[in-house]
Structure formats: structure tokens, C-alpha cells
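Everything below concerns the one structure shown next.
Read from first to last, the chains carry the letters A, B, C and D; within each, the first residue is number 1.
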Amino acid sequence: MTEVGFVGLGVMGSRMVKRLLDAGHKVTGYNRTKTKAEWLIKAGMKWADSPAAAARAGEITLSMVTNTEALKAVTGGPEGILAGLSRGKIYMDMSTVSPAVSRELAAQVSAKGAKMLDAPVSGSVSTLEEGKLSIMAAGEREAFEQARPILEAIGPKVTYVGKNGLAVTMKIATNLSLAVQMLAFSEGVLLAEKSGIARETAVEVLLNSVIASPMVKYRGPFVLEMPEEAWFDVNMMQKDLLLALELGRQLDVPLPTTAVTNEMLTTARGMGLAKKDFAILFQVLAQMSGLKL
Amino acid sequence: MTEVGFVGLGVMGSRMVKRLLDAGHKVTGYNRTKTKAEWLIKAGMKWADSPAAAARAGEITLSMVTNTEALKAVTGGPEGILAGLSRGKIYMDMSTVSPAVSRELAAQVSAKGAKMLDAPVSGSVSTLEEGKLSIMAAGEREAFEQARPILEAIGPKVTYVGKNGLAVTMKIATNLSLAVQMLAFSEGVLLAEKSGIARETAVEVLLNSVIASPMVKYRGPFVLEMPEEAWFDVNMMQKDLLLALELGRQLDVPLPTTAVTNEMLTTARGMGLAKKDFAILFQVLAQMSGLKL
Amino acid sequence: MTEVGFVGLGVMGSRMVKRLLDAGHKVTGYNRTKTKAEWLIKAGMKWADSPAAAARAGEITLSMVTNTEALKAVTGGPEGILAGLSRGKIYMDMSTVSPAVSRELAAQVSAKGAKMLDAPVSGSVSTLEEGKLSIMAAGEREAFEQARPILEAIGPKVTYVGKNGLAVTMKIATNLSLAVQMLAFSEGVLLAEKSGIARETAVEVLLNSVIASPMVKYRGPFVLEMPEEAWFDVNMMQKDLLLALELGRQLDVPLPTTAVTNEMLTTARGMGLAKKDFAILFQVLAQMSGLKL
Amino acid sequence: MTEVGFVGLGVMGSRMVKRLLDAGHKVTGYNRTKTKAEWLIKAGMKWADSPAAAARAGEITLSMVTNTEALKAVTGGPEGILAGLSRGKIYMDMSTVSPAVSRELAAQVSAKGAKMLDAPVSGSVSTLEEGKLSIMAAGEREAFEQARPILEAIGPKVTYVGKNGLAVTMKIATNLSLAVQMLAFSEGVLLAEKSGIARETAVEVLLNSVIASPMVKYRGPFVLEMPEEAWFDVNMMQKDLLLALELGRQLDVPLPTTAVTNEMLTTARGMGLAKKDFAILFQVLAQMSGLKL
């Protein structure tokens, strides 16, 4: 049983807290909007008035926010996580930010006498709820071993990948395939459909084939009916591809499928679809091929 | 129990015959090289001296060959499958050829009073042996229903997709994702590796992630060690992408990831790697990024 | 002064005949539709009732048709050019067809005792009329030297590139840049325009810059106002890119910009713009970027 | 006759100063390395000990540096250009930096009571020396009219494109075509060469064709022999493409040819060719196609 601080109780974060509570840990949580946390408070979570307060309460503090800007907002300043950290504590950020930003933050955490891990997750709300989430973690090995039980309470597949920043690197390296696989899947469905195969049949066959990754299984049905709310929208997906492309330039790795898919996400935005789940790539391609939707 | 003719006893074809024999069907088989068929003859298969002879023996005759040229060789001429077909018989081709070629052949079969189905499979030797092969079938519905037990003896997931030519269309629409997923996977592994993550770790993480399709699971380990013999080589993979690109042009479907991946397969050939499994895309990209292999 | 046969009196062909007449040569011409040839007959051209008749009349016979099918139509059969050729004659095809098709035809011509040259032109109607057309020629050197005065009467820049088929190869190698340059130009104009620069200003600056090839100068203004009639439509442009891509595959040459531009031409067709001048690529991209046209 | 300050006497900058001196203007110039300026001092240029001193001496001050970092170095701090500006002066930056950076700088200049123009040039050393350089300028119209004689002394084609930042935008929109045209040209040369046409012949034909922009004419011969010193190296070219891609994302403009060419520049860097003139794209593609160089 560990005292856990948690900052960022959004769709993913709140469900992580629930799993931690269910596993018997004590959680003190903070969120920008308190109302969204009511159900967790009822379930036993203690409320913190600031990120700093959450970090003060936790032996291990976790954060789960949308992007670099949000991360800076919850870590910096007199009310930020850094202000609440002290010698011996562990801080794990589970957001997807650039490896460089994550490493800078790790240095600041280290200056406080605490240890940081970057520990982004791969998977969606449903993978999390099914207890099948994969987690990559990076930072000092000792800190990782200390934090491991907390990570395993969130998801069973935990992999240590190396020093600070490498877990977000691994996340970025994974996520580029999400968008590329979705676009290739869409190319296949459109070829089938314009040949005269019913779209439902094409999707069914592809979901039973060797190309059916969990991602394809989740999002394949979206080409039949888009979800009202995006799981992961075009803007968020493109943020990850841009991190990959930036890394590719720094490391001299050509990324042909990532680059071409990124331009299609830009097309999605040009067509006014930035807030749709990135499975909308199917409709972007369909429009380019003249299909009436 | 059905009398089955079978033409083309290669890696896939021979194992299909074995499954048919195991399921209690009588099989008369033909192959260009008889020696490769000895083990099947021992297992109970009858030998046919020509494709025509196999077709004469079977109520339902199947063929499984490499490409359009091979298909023309086994179907045409006085010794070919067409010569052995007659009213009431069913002929199923399981090869991947262009939908147009398949439809032409169906017309010739029809002129003999027989019915043709195109029934390509999705999956590899191991999927077949595990009894998990997916099969798409197209042609007249009635002929399909008659042939269904034979198909189900080969693989349990059988989907009827529509009229002649549409099953090979569906196969092509599936296969483009094989190459694209492999290339995107390679981009991710290289980003991770050049960042300082061990290649083994990167592969392990990706194989546990939401992008791990069966194809990625089979071929991911190939970036650690290429198989001595190609499962599906660069030339064969490119043949399928070219069929997809041809179809895309005919149907006005832009295929951005397929087109860019196809150029990388051309690069593989330029680098002298045409006969390697298409997982060699990883090494092509690695060389482009200056990684010593 | 030479007796010249000419087959194919379309937009380009007819103006070539005019230049030959103006240079003092005798021309016997054939066209599918005679009415289009009336003005040339008035200008001194003799009419031939068939391609064969034109070839019989000419010491040197030229053809200028749209594609491979049209070329087969005017060369084959009892009324075709081949039927009119005999020992000592020269036949030059100025169309853009695949190098392989051109070489096959050269072999048939050779079997008649005549010599064939492939001599496609680079440039448009206006380059032709200004007497600035570039011509590449291939085939036996001796035949080329004999035909040179005829070629120079059509355009002043004549380059001998090698054996049969290599001039069409060179043409294809040139033409891929037409489409790619147009698409890159469009990317630049759209970046400027969406930044707040008037489209007219952007075009003016680009036409005065180091990227302003003759092609860019001709077609740049089309992004301000498309011509009513296409100079070279999307279908024709894509035909040439497909010849390039086919060649690239045969020779293991990756063609990254050609491949990506080809998919945009497919998008143009998907959007119903197949018959527009290929400068329509600007509007395709503009639509993808959400610009109202 | 105007008092001109000039900061950055590199390959381009020094030759601009020479033209200004030749046109009768008084120039006070600064460079990080004084030795490179000796010839200009002999030609009549006054030496300034700091960017601030150059700006104090000039009614109009120009800067020409490599990138954003260099620009910040010469403009900021107590010795920087900003420190030397005062009411009524004009400052023109001719470097290629991001439009956003240029606009920020303009605001700082404005706070000093001076006016800024961004005025990047399109063309190379030889275009400059031939007096054919194109210049785009942006900022307040009145300041532009005041500065126009200075700009016209440098290059005759001066175009006003709009408010601050739009000239660098226009430059970026132009430069993407440099790299794309070079890559498309290389694709054509390789197709020709692998078909059996001598590389020299292929280049000659292309340089006489409608695709021969001034850029193609300058760099086409580089595929026959690379210059010892880069005119514009892979790193610099990629810097401009990245500015274009960044702009494309902000403005929702898909940039298919730019994106694919950018990955090839990354490949050039992966192959260790970052310091070569970007015409090295030919050799990158040649290696990918297996050509021995």
C-alpha cells in the first residue's frame, strides 16, 4: 500500500486512479475542474487543492495531461508538482511529450532530490478498463523498481526501456503506426468498396485478417460509423506524428509512411475535421476519391 | 466426403491438401515436380499426371500457384485445368492475381458449363497449420455454398464477398497493409534504436502494443534476425502492391501509403534484396539512415 | 526537299505539317477525320486515304497520335503504316508510348526493310509555333542523319539519344518533372495565399524566381485562371507518369516525387477533374486545404 | 546616395555590399571575422566594430545571416543591431527565418521608433553577380518605398508582397520547389541512365527542355560533377523545407512533394552527406537504386 499523488483526472487519469484505489492504494488527486472528480472522491480518493498538494501527499506522484503546455502548467510555479516534491519522492509523468522536454523536467526533479520516471501508456480507455494496458517506463532503474507495483496496478504489461526520456521516445515510435495503419486500412476498404464489395463485408474480412492489430480492431468499425466523441482526435494524433518527425530529423531516420500520413492529417484539418477521431482519415481519403459520404 | 482435385503443391498448397485428407476428403493432386508430393501420396493423395487429370478426378478442383503466368500455364492448353472441367464441376483458384484476369478465367470456366470461384487466403503457413486461416470467396452464391465444406476444412473463417473477382480484390486490399505496417513498424524501431533503446527492447514493446497485428507479431522478430528463407519475398510483395496501385488507378482511389511503400520495395530491389522476405524493409530504411548493419 | 508522309493531324501534328510545308517539303497526310485537314490541303498538303497510302507516298513518314492504342490502330492492318513501308524508307513515331512498345514496332518496321526512329517532342503548341520545340530521336544513327533535316524543320533543338526506344524513354524522364514541378509550385502558391499574400502576387514572384522553368511560366498563370480547353489533361499527364513508374520498377529506380504526384493526379480524377489541364493540381490541393474556390 | 549599414559579409552579403558601393552608396559594414572584409574595405567600405555601430552609421541597415540563431546573435544585446537603431531608421533583414521570428523582430524594431522590412532574396551568388537577383520585400509600404533604391542596387526585380513576415513566407514558398525540382530532375536522369542513355546526354536533353528552370540549369550539371564547395548545402535546404512544413501545418496546407523530398534530405544526412550541395539528392537516389557511383 502506497500513498499516491495524482494530477490530471481526465478520461484516462480518472480511470487509473480508480484502478489504484481498487488495488488498495491511497490516492490524493488534483484536477483543474473538481466536479469531474466527485465520483472518485466518493470512491475514496482524497482531494488536493493544487498539484503541489498532491505531490506533497504522495510518496509517488503521477501526472497524466494532454500536452507539453499542460505539463508545464501543472509542474511549474508555486502551486506546481515540483514545489511539492522533496528528497526520496518519485514523480512519474504518463503524458506524451517530446523526449527533450521530459529530460529537462527530470533534471529539475533531480535538483529537488526526487527521481523522475517517464511512463507513457499505450492503449485506450477500453484497454485500460480491461486491465490490458501496456506501460513503458524510463529513468533510474531503482526508482523504477520502487514504482513498479503502482504501474502494475494500472496495467499488467510494464516494460523498462532505459534512461529518462526513452519511454516517451518508445511511445512516439509506437504511435506513428496508429495513424499509418489506419490510413492503409482505409486504402484497402476503399479499394474493396469501389470494386463493389459492401463496406461492412470489407471491414469484416479485414478485421479477421493478419493485419488486424488491436488498433485496427478498435477503429476499423469507425469507418462504418464514426463515434460521436473522438477517442483520440486528429490534432492529438498529429501532435504525436510531429514529435516522431522531429525525432527523425534529429536522428537522421527517414520516415516515409509517417511523413505521408502526416500530410493526410493536415488534409483532415484543412477539411475541417480536426476534432474528429483520427479514424476520419477514411473519410478524407473517400472524399479525395470522389465517394459521396 | 468430396472428390477434390488439387493443382499446385507448394508450401501452402501441400499443407492444404494435408488438411483436406485429414478431414476425410479424397484428393487427386498434381504438381510440376512430383518429388515434392511424395509425402502426400504416402498420406493418401492420388497422383494426377496433369492439371487436366486432377480436374477430371475432382468434383471440386482447387489451384494454388504463384502468379498470373503460372495460373495461365496450369489452366490453358490440352493438359490444363480447363480441359478437365465439365458441366456441374466447380473450380476454385486460391492464387492472388488481378481481378480482371480472374474474371476472364471465370468466363472461360463458365463456357465449359462449370462454375468458378476465386478464393484467395489471408495468412501464412503457420496460420494455416494452426487452422486459423481466413479465406475470402467470390463467384456464384450457389457454387460457394457447395464448396463451403471444402474451404472450411482448409481454414475456419470463410467469408463470401460477392461476384467473381471480388475475393482477389479483397485479398489485394488486405495485402497492401502487410507492407505498409511493416515499414511503419521499422520506422518506429529505428527511431527507438537511434535514441538509445536496445533493438530487442523496442521490438518487445511494439509486439505488446496496440499496433501488434498478427503480421507484426510474425515479422517483428525478423528485424532481429532475418529468416534464411523468405516467407514472402520483396518481389511477391511488390506484385501485390502493383495490383493494388493498378486497381487504385482504375477506381480513382488515391493510395498514399501504398505508393510510398512501393517505392521502398523498389529501393530494396535496387539494393539487391529482391529475394529477401519483405521484412527486409527494416534494413533498407536502416541503410538509408546510415545505420551500420 | 523530301517527300514526307504524315499520320495524325491533331493539334500538334497539323502544326508540324504546316512547318514542313513552309520549309518547302512535300507532305502527304492522313487523319481519321478529314475535315480537320482542310486548311492543310488548302496550304498544299496532299491527302492520303489511309495511313498506308501516306507511308507509300513518303520517303520519310511521321506519326503523331495520342497513345499506344491509337498507335496500334494506325500502324497495323492492311491499311496501316507498316503495310505502306518498304526497303529504304524511314518511319518516325513522335508519340509518347512505352519504350517496349516502341521497340517492338521498330522490329516490325525492320522486318519490312525500313528503319524506324522514335522521336517524341518536348513542348506544347506554343513552343512549336515559336519554333522552339525540342526533339529527341533514337534509332540507327544513319537513319537519324537522313531524317535530321525533317526534324529540324519542326524544331531546332534535335538531340540524338541512342538506340530504338531511348527517345521515348527520355521523353518520359522529362515529363515526370512537368507534373511534379506543377504540384510543388501549387504548394508554394497555397502557402503564400493562406499566409495573406494575394495569389496574383505570389504567382508573379514565383514566375520571376529561379524555379520558373518554361513549364512553370506557361502554367503558373493557370492557377489564376484555368484555360477553357486543356493543353495536356490529367489523364494524359497520368499516362506519362505511369510509363515512368513502370520503367522505374523495371530498372529498380525509386521515384518518390513521381509516385506522390501520381496519387494526386488520381485524386484529381476522383474529384471529377480528369479532363482538365493538369494545372488543376492547384485546385485539388486547394480543396484538400479547405480553400473555397 | 544613402548611408547604408550592413551586417553579415559572407558569400552573399559581401557581394551585395560590393554592388552597393559600385552604385555609389556609402556602406559601413560588420562581420564576425574581419579578415573576410578586407577586400571590401579596400573597395571603400567603412568598418564597424559591432552590429550596433553599423546600425548607428546607416540610415538604412541590412543584415544577411545564416539562420534564426545567427539573427538573434546580431540583433540582440548591447552590441546588437537593435541597440543601434533609432527613430526614422530602416532595418532590412535579408535572411531566411520563420515568418513568426521575423514578425517578432519587427515589433522590437518598431518599439525603437524604427521600421523593419523582411527582404529575402531568391537566387545564388551567380544570379547576384549577373545582376539578376529577385528580391521580395515586406513591411510598411512607406518604408519599402524609401528602401527601394537600395534594394534595386542589389537586384533589379523587387516585389512588394505585403506586411511584415510575408516576404520570408514568399521565400519559403519559393524554396521548397528548389529541392523538389532537383529530386524530380534526378529521378528523370536515373531513369534515362539505367535505360542506357549516357548521363551527359540525359542532362543535356533535360537542360534544353521545358522543365529547365534557372535552378535546374545551375544544378543539373552537378549530377555530372559535384562542386567542391556547396552552394547551398543539405542542412540549409532542409532548414527551408522545415520552415515550409511548419507553415503548412499552421495553415492546413498539405505539402505532398515537400514532405517526401524532406525525407530524402534526411536520407542524405543519414548517408553522411549533410554538408554537400543539395544536388547530392541525385547521388542519394542513385545509391537507393543500386547504381555504383
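Everything that follows uses one rule, which is that a residue touches a chain if its C-beta (ideal position, glycine included) is under 8 Å from a C-beta of that chain, and two chains touch if they have at least 3 such contacts.
Since the structure is predicted, the reported quantities are computational estimates derived from the model, not experimental observations.
Shared contact partners of subunit A and subunit D, listed by label: B, C. Look at the CA centroids: the one farthest from the centroid of subunit D belongs to B. More C-beta pairs touch across one of A-B and B-D than the other; that pair is A-B.
One finds 40 Å separating the Cα centroids of subunit B and subunit C. We define each chain's centre as the mean of its Cα atoms; on that basis subunit B and subunit D are separated by 53 Å. Note: centroid distance subunit A to subunit B, computed from Cα atoms, is 36 Å. Counting partners per residue, subunit D has 248, 252-256, 260, 263-264, 266-267, 269-270, 288-290 as the residues that reach two or more other chains.
Subunit D makes touch with subunit B in their complex at residues 256, 260, 266-267, 269-272, 288-291. Those residues of subunit B that touch subunit C in the complex are listed here as 238, 242, 248-249, 252-256, 259-260, 262-264, 266-267, 269-270. The part of subunit C that touches subunit D in the complex is made up of residues 99, 122-124, 127, 134, 136, 157, 159, 161-163, 165-166, 169-170, 172-174, 176-178, 180-181, 183-185, 187-192, 194-198, 201-202, 204-206, 208-216, 218, 244, 247-248, 251-258, 260-261, 263-264, 285, 288-290.
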